[in-house]
Amino acid sequence: MNKASKKAAHKFQSIFSSGHLRRHHRKPPGQVPGTAIHTGVQRLDEVLMTVHDFDESHYDIIPIQKIEKSEPFLQNKSKTWIQIRGLHDIEKLKTVWNYFELHPLVQEDIVSTSQRPKVEHYPNAVYIVLRMIKQHEGDNGNYNVQTEQISIVLGDNYVLSFQESDEPIFDPILKRLELTTTRLRKFGPDYLAYALADNIVDHYFYALDVINENIEKIEEEILDDPREEQLQKIHALRRDLIFFRKSVWSLRDGINSLIRDDLPLISTEVKVFLRDLYDHIVQVVDSMETNREMVFGLYDMYMSGLSNRMNEVMKVLTIIATIFIPLTFIAGIYGMNFNSEVSPYNLPELNWYFGYPFSLGLMVLLTGGMIYYFKRKSWF
Amino acid sequence: MNKASKKAAHKFQSIFSSGHLRRHHRKPPGQVPGTAIHTGVQRLDEVLMTVHDFDESHYDIIPIQKIEKSEPFLQNKSKTWIQIRGLHDIEKLKTVWNYFELHPLVQEDIVSTSQRPKVEHYPNAVYIVLRMIKQHEGDNGNYNVQTEQISIVLGDNYVLSFQESDEPIFDPILKRLELTTTRLRKFGPDYLAYALADNIVDHYFYALDVINENIEKIEEEILDDPREEQLQKIHALRRDLIFFRKSVWSLRDGINSLIRDDLPLISTEVKVFLRDLYDHIVQVVDSMETNREMVFGLYDMYMSGLSNRMNEVMKVLTIIATIFIPLTFIAGIYGMNFNSEVSPYNLPELNWYFGYPFSLGLMVLLTGGMIYYFKRKSWF
Amino acid sequence: MNKASKKAAHKFQSIFSSGHLRRHHRKPPGQVPGTAIHTGVQRLDEVLMTVHDFDESHYDIIPIQKIEKSEPFLQNKSKTWIQIRGLHDIEKLKTVWNYFELHPLVQEDIVSTSQRPKVEHYPNAVYIVLRMIKQHEGDNGNYNVQTEQISIVLGDNYVLSFQESDEPIFDPILKRLELTTTRLRKFGPDYLAYALADNIVDHYFYALDVINENIEKIEEEILDDPREEQLQKIHALRRDLIFFRKSVWSLRDGINSLIRDDLPLISTEVKVFLRDLYDHIVQVVDSMETNREMVFGLYDMYMSGLSNRMNEVMKVLTIIATIFIPLTFIAGIYGMNFNSEVSPYNLPELNWYFGYPFSLGLMVLLTGGMIYYFKRKSWF
Amino acid sequence: MNKASKKAAHKFQSIFSSGHLRRHHRKPPGQVPGTAIHTGVQRLDEVLMTVHDFDESHYDIIPIQKIEKSEPFLQNKSKTWIQIRGLHDIEKLKTVWNYFELHPLVQEDIVSTSQRPKVEHYPNAVYIVLRMIKQHEGDNGNYNVQTEQISIVLGDNYVLSFQESDEPIFDPILKRLELTTTRLRKFGPDYLAYALADNIVDHYFYALDVINENIEKIEEEILDDPREEQLQKIHALRRDLIFFRKSVWSLRDGINSLIRDDLPLISTEVKVFLRDLYDHIVQVVDSMETNREMVFGLYDMYMSGLSNRMNEVMKVLTIIATIFIPLTFIAGIYGMNFNSEVSPYNLPELNWYFGYPFSLGLMVLLTGGMIYYFKRKSWF
Amino acid sequence: MNKASKKAAHKFQSIFSSGHLRRHHRKPPGQVPGTAIHTGVQRLDEVLMTVHDFDESHYDIIPIQKIEKSEPFLQNKSKTWIQIRGLHDIEKLKTVWNYFELHPLVQEDIVSTSQRPKVEHYPNAVYIVLRMIKQHEGDNGNYNVQTEQISIVLGDNYVLSFQESDEPIFDPILKRLELTTTRLRKFGPDYLAYALADNIVDHYFYALDVINENIEKIEEEILDDPREEQLQKIHALRRDLIFFRKSVWSLRDGINSLIRDDLPLISTEVKVFLRDLYDHIVQVVDSMETNREMVFGLYDMYMSGLSNRMNEVMKVLTIIATIFIPLTFIAGIYGMNFNSEVSPYNLPELNWYFGYPFSLGLMVLLTGGMIYYFKRKSWF
């Protein structure tokens, strides 16, 4: 394996634990806790705010520039969802946060985009951090996964959602909102918050499929030809699975606390749906565990592939050497220079009429014996 | 190992985690939760509905076309079990679901056939998801296992069972129902639900036996001749056991909640039987753990088999090389062309009367020494 | 390793998990739960029933044919232990079960002899399943362990014990019952039940010793000469330990529930003794864990033994080849046929007076150098 | 690998578990519990005591010589933080301890500087032990981490902090104290204690980054050239991670108890911040777990690197030997001395006109065949 | 490795799990529970009993022959510690046990000296079993550890301590008792019991140091030269650590129950100290875990050491063979007997003027090429 391919192999993309997730981009130590500093990348020109106001009779979408513009929607009896995209403009976000009186620690978590998924209860709101996982088809045929932190704040008559980009993550929800008969329109904001979270967890099953396909692809590659490159892929998969599992695991605890605890913001009807969501998450965690075991199995397969190949190499060497070494010895014998003139015992074969054919016959016989022996050992 | 056999090996059938279970055939993300979409295969022409109406004095079997036809049986005092086979016709199923007012999430789970086994409590019903595991004798002598999701809904005076095919899974129950003296006829619908579940768990022991036999078969194959094919079988077994264990494990928690929680639908008498069922499940889980350890042991056996074989190959090479290399050296010595005429010190052996026999004797001696050495090392 | 010894190795006896324990000899699926079917072997001609009636003043042993004969002993104030041996005659056993009104599930468990050890509470009785483990000296010097399911039913004024054979398992108890001063005579039937269980757990320590000795024996064998046979022994040990541990573990939970729960059948005084029994069981579980780690260690030892031996083989090959290949090369040089007559540069050594001794000297020097090199590498 | 480099490798620095942490520098056994003996190193000439007195209106820093000098600050209504640096002068520390009536066991723990992080509740105070982890850039490019035990005592109107050196660990806190608007000035001493702890936990993320970078560095080294040195680095990393994890883990439990328990010294407002701190710690623990898995992966990578290299060595040997052994055999054939004069069958090739070219051709053909074979096996 | 050294290696001393601990020296099964049978060794001629009577004003040491002699000390208001050494004379011990009315099971445990450490509550006493671990410097430089079971019985106004030998384990306590100001003299017997236990746990840290040093010693040995002997040492260390950990773990639970449960015999003041003891034990357990991981690391190091060495051996073989095989081939070429007289194409080199130098040059060139190739592969 040459240097270049080694480098390339080393650059093998890890799905979820890519750069900005593994390295902890955090504010310098000693900073005031609750200081909001954006630790992600700016993906939009400006912070976009959209009000979705709806109840069973209407559904309006109103882009706003200032958060105060949402006042009338919050005052009326319909439910309000304010979708905020872009996290780089702390000043503008601060106007939102102050308007809804979010706790400084919530503010900090919304913009430091490498949070573990979690659910936190505050007196006036429930704060949910999720991680969106979305795969794109890369140009080299490899999978290419983008992760993004989504924050959801559930108040008594509103839902806030924060995301870094304007990826159309919530499009299915928008479509469902247009239908008058959906539960989304009938139920309270807690159901909307649930639907947003459910929408994200649904994508995890796709991420699992991507991982599954990768495991199978690597398995086939190893069966074809085990190379160091695959070990690194296994290594990366392992890391991804740990990362993924941890994320989902902590989400699981959060959702569980929403079901178990007696929160005024979550109605009993929605708890049934949260239980279903919880169930999905457990299913993801289970599949993850299975995948993890599979990845360990890949390593075993790789190592035994190496051993097998070594065995094959050794067998070829052994067969060649074992056949030719004795033949060469015979040739050596009849290459000796004993003086056959001083004695009839000195290499009389050299002067036989069929001396050479005799020696060749001897060699053929030996070779035949060897080949029979190897056949019986089933080395061929 | 040639390409073809590799492919074949790779196609080695996994028992439980075959295709439609590992891949998550789910509705596209963002779908309304509680949307019933059949994710399995259509196995019947139409949805079959059969009413089993029984008490201590009678037992009637009535095939029905419309769920409303079951009305009189539900009204009377006898217990009613409605067996529904076929999950592809959502419209028809919807009439059943609406009739019994099942929760949308239960509806969704009944037809998305890759659910984890679980027990869920709803105000008016207990919903139990199970996985039937049934083995057929395959034509190639290999085992061939079919799994199928069975849903049981236990109401206050009825039991619903949903399954995809019309496999005669519940035949033993039907036979027992014909006997007037069985507990099935005496006890309430909770006992029937228990009996249906117990019937399925009973099959797990057979699945375990199948796995046991496979482990032993692979063990014997590895002892005969460790090949890459077996590693893949071990790999598949490992995956199956994880899958199987997860299924049974989640069922265990479900049954436990039925025993522990104070549900009006489950009588104390039936709880004793559920405890017995719980015990069986724990026994299955335990055997699974044992099997898992055994499978790890198989891998160790395989790897040490490879090492052993390598050792054998190396020993043959070493013995041949070690014996012949010195002999060839001697032959080489007497093949040198030193001019014995210019000096008595130059290869005088060549002109000895018994020069050749002497050299052969030397070789025989050396060989004998070698063989003695190897014998003492117990390499033969 | 020839085929025959392989087969023999494969037949290596597992201690506890032998045939009828691993395979689940169960009634066909769908059977009525609580159907008593004997799944063991008939070991006695007929079912033997013996009444032990005792209190501080007397101790009588009365063999009976019909369970009704025990009536007077159960009526009087003394304690009564009915020892039943033989489980094949369901009809006769049924008379006993009905007489004491045992739950159908208890009846089923008594005769299906591959139960996990457990403790179950019923309104009128405590049901304890134990597994007796007893070792015999086999004829080939190997250990030979027999396991047998013992069922104990503790009622308010009686104890029933069920066993398959008439092995003298309870002889120590019988001897102690003959002494007027023992606690057995003073305390209630709960103490007797405890004593029976304690008697069985005492044997576990012996089983542990047997396993310990086996581990040490295999360890010594591996140090002498690591062979595939030992790997299989390790494999079997591993299986045994898992099996043994699971058994004891489930017993541990059962005994714990007896101590913790407030059962009217268990007096406070006896709970102190049960705590002691619990302690012994925990000690057995601990030793088992230690043994399991040791068995993992054996595998490591085996694999490194293989590696070591491979190293040794390779060293011999390398030493021989490394010494002789250069020597043979020198011999080859002086076996070349360059015409020394056409040029003084063509192999003048051949015509030197001390040509041959010179070449031999060269060889000796080279050999010496090699040996010095290997010595420094400490390969000898 | 020569001796010197081995020694060097063995001296490879472990980050956290360096000398005075691994070895338990404890007082001799049998000492009175609660005897304060400094088990660290003297890092300062004398014990420095600084009073930080502050509230929303003022912030004063007063170095004091005697603890009694802090009396007026403790009496007034503002909050007081007494920072003590240097742990070697037990006599002087005793004046502090007695003044604040600290429990003897707290006294002992403050100066025995290899405590596990923990939180302890005493009637009049909360005692927190933390471990500061700070990295310096070493001269050899390697990281160089210094750990130091920090003790924090939280009373009703004061905070004491104890540290061995005068490292500017708390400088960020000092800077924030200077700002009148910070929560530090507004909230009670419990918030200060939280801020001190948070400041230390913040550094853990940096330590994690250091470990992360090391893992990647070692990964690259192994890919380049797997050497025994790296195994030792992996070994050291493993040790470090265990040590680090244990530390953080025990801290986690401590902080949790502060949140959960109803302590009068901790206000509800601060508990929200402690929950955030708890969250950070859990994040550190999670990353640690991921890193630990990664380190296991490194070992796998190392071992497979060794195997790969062995394969490569063996391939070279096999190719060379397999090509030249048959060639040498052919040369041997035509080096035989059969007398071609006595028979036309004795090595007639020797007298052919194109005998030599024929033999060379034979050799070229053989070599070509070999090379083709190896190419097909993709050994090049 | 010869047989003798193998045996020696096998005899490698395990620290804690030596003979009388691993083998369960128990009474034969079926014995009456609570039968006191000494399972250790007699280490003293007779059972020694010493009364330590003390309060804040006095401290007397009175050796007694009969337990009744302690009556006056138990009657007075001062605290009394009766130290009993020697466990072989059951009759004499029985007088003590009956005098203090110890439960039969406590009696049994005191003299069966392979108990797991534990804490048991009886109505009139707390019974604590500990295991003293003390290291001696062995004559061969190896560590040599002696373990001994210590039983402590804490009554309302007395403490009993039982030990097998008269090792001066409690000397530090005796010294502290002589000082009037110690807490030992002020506090109740519960503090004395704590001090005795603390004294023993203090020794565990030393045992840990011994294990630490051993791990490092073995690590260095493996780096120098990995041999089978070390694997056995690792094996023994592993066993020791499991044994040690189990012991300490069960002690941990016992101490925890003393803190948690509301026992009249333990005062609140002493509970603070028990919490400290608990903390020490947890620290020991933690270190043990770390050590266990380290020992696993040693095994990895050993295995990779073997692989490395194999690599080295193979490289030497490959270098020698790869260099000399082509050279020998060239020599073989020019050793062929083609008749150069019949044709100018038959080995014309043999008659060249610089034929021999030419062939030697060819060889030198080839060797140079090979060496360059190996250098580039960095095999030297």
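Just so it is clear, A, B, C, D and E label the chains in written order, and each chain counts residues from 1 on its own.
One rule holds for everything that comes next: a residue touches a chain if its C-beta (ideal position, glycine included) is under 8 Å from a C-beta of that chain, and two chains touch if they have at least 3 such contacts.
Owing to the predicted nature of the structure, the values given are computational and were not obtained by experimental measurement.
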item: Degree value of the rotation bringing chain C onto chain D, based on Cα positions, nearest 5; value: 145
item: Homomeric contact chain B-chain C: same or different residue positions, threshold half; value: different
item: Chain A-chain C separation of Cα centroids, rounded to whole Å; value: 42
item: Between chain A and chain D, centroid-to-centroid distance (C-alpha), Å; value: 26
item: Where chain C touches two or more other chains at once, by residue number; value: 303, 307, 310, 314, 317, 321, 325, 328, 332, 335-337, 347
item: Chain-level touch network, classified as line, ring, star, complete or other; value: ring
item: Chain order around the ring, beginning at chain A and proceeding next to chain B; value: A, B, C, E, D
item: Chain E-facing residues of chain D, complex; value: 6, 9-10, 17, 22-24, 26, 28-34, 103, 105, 116, 118, 120, 122, 225, 228, 231-232, 235, 238-239, 242-243, 246, 250, 299, 302-303, 306-307, 309-310, 313-314, 316-317, 320-321, 324-325, 327-328, 331-332, 334-337, 347, 349-357, 359
item: Residues of chain C defined as touching chain E within the complex; value: 171-173, 175-176, 182-183, 194-195, 198-199, 202-203, 205-206, 208-209, 212, 219-220, 223-224, 272-273, 275-277, 279, 282-283, 286-287, 289-290, 293-294, 297, 300-301, 303-305, 307-308, 310-311, 314-315, 317-318, 321-322, 325-326, 328-329, 332-333, 335-339, 342-343, 345-347, 378-379
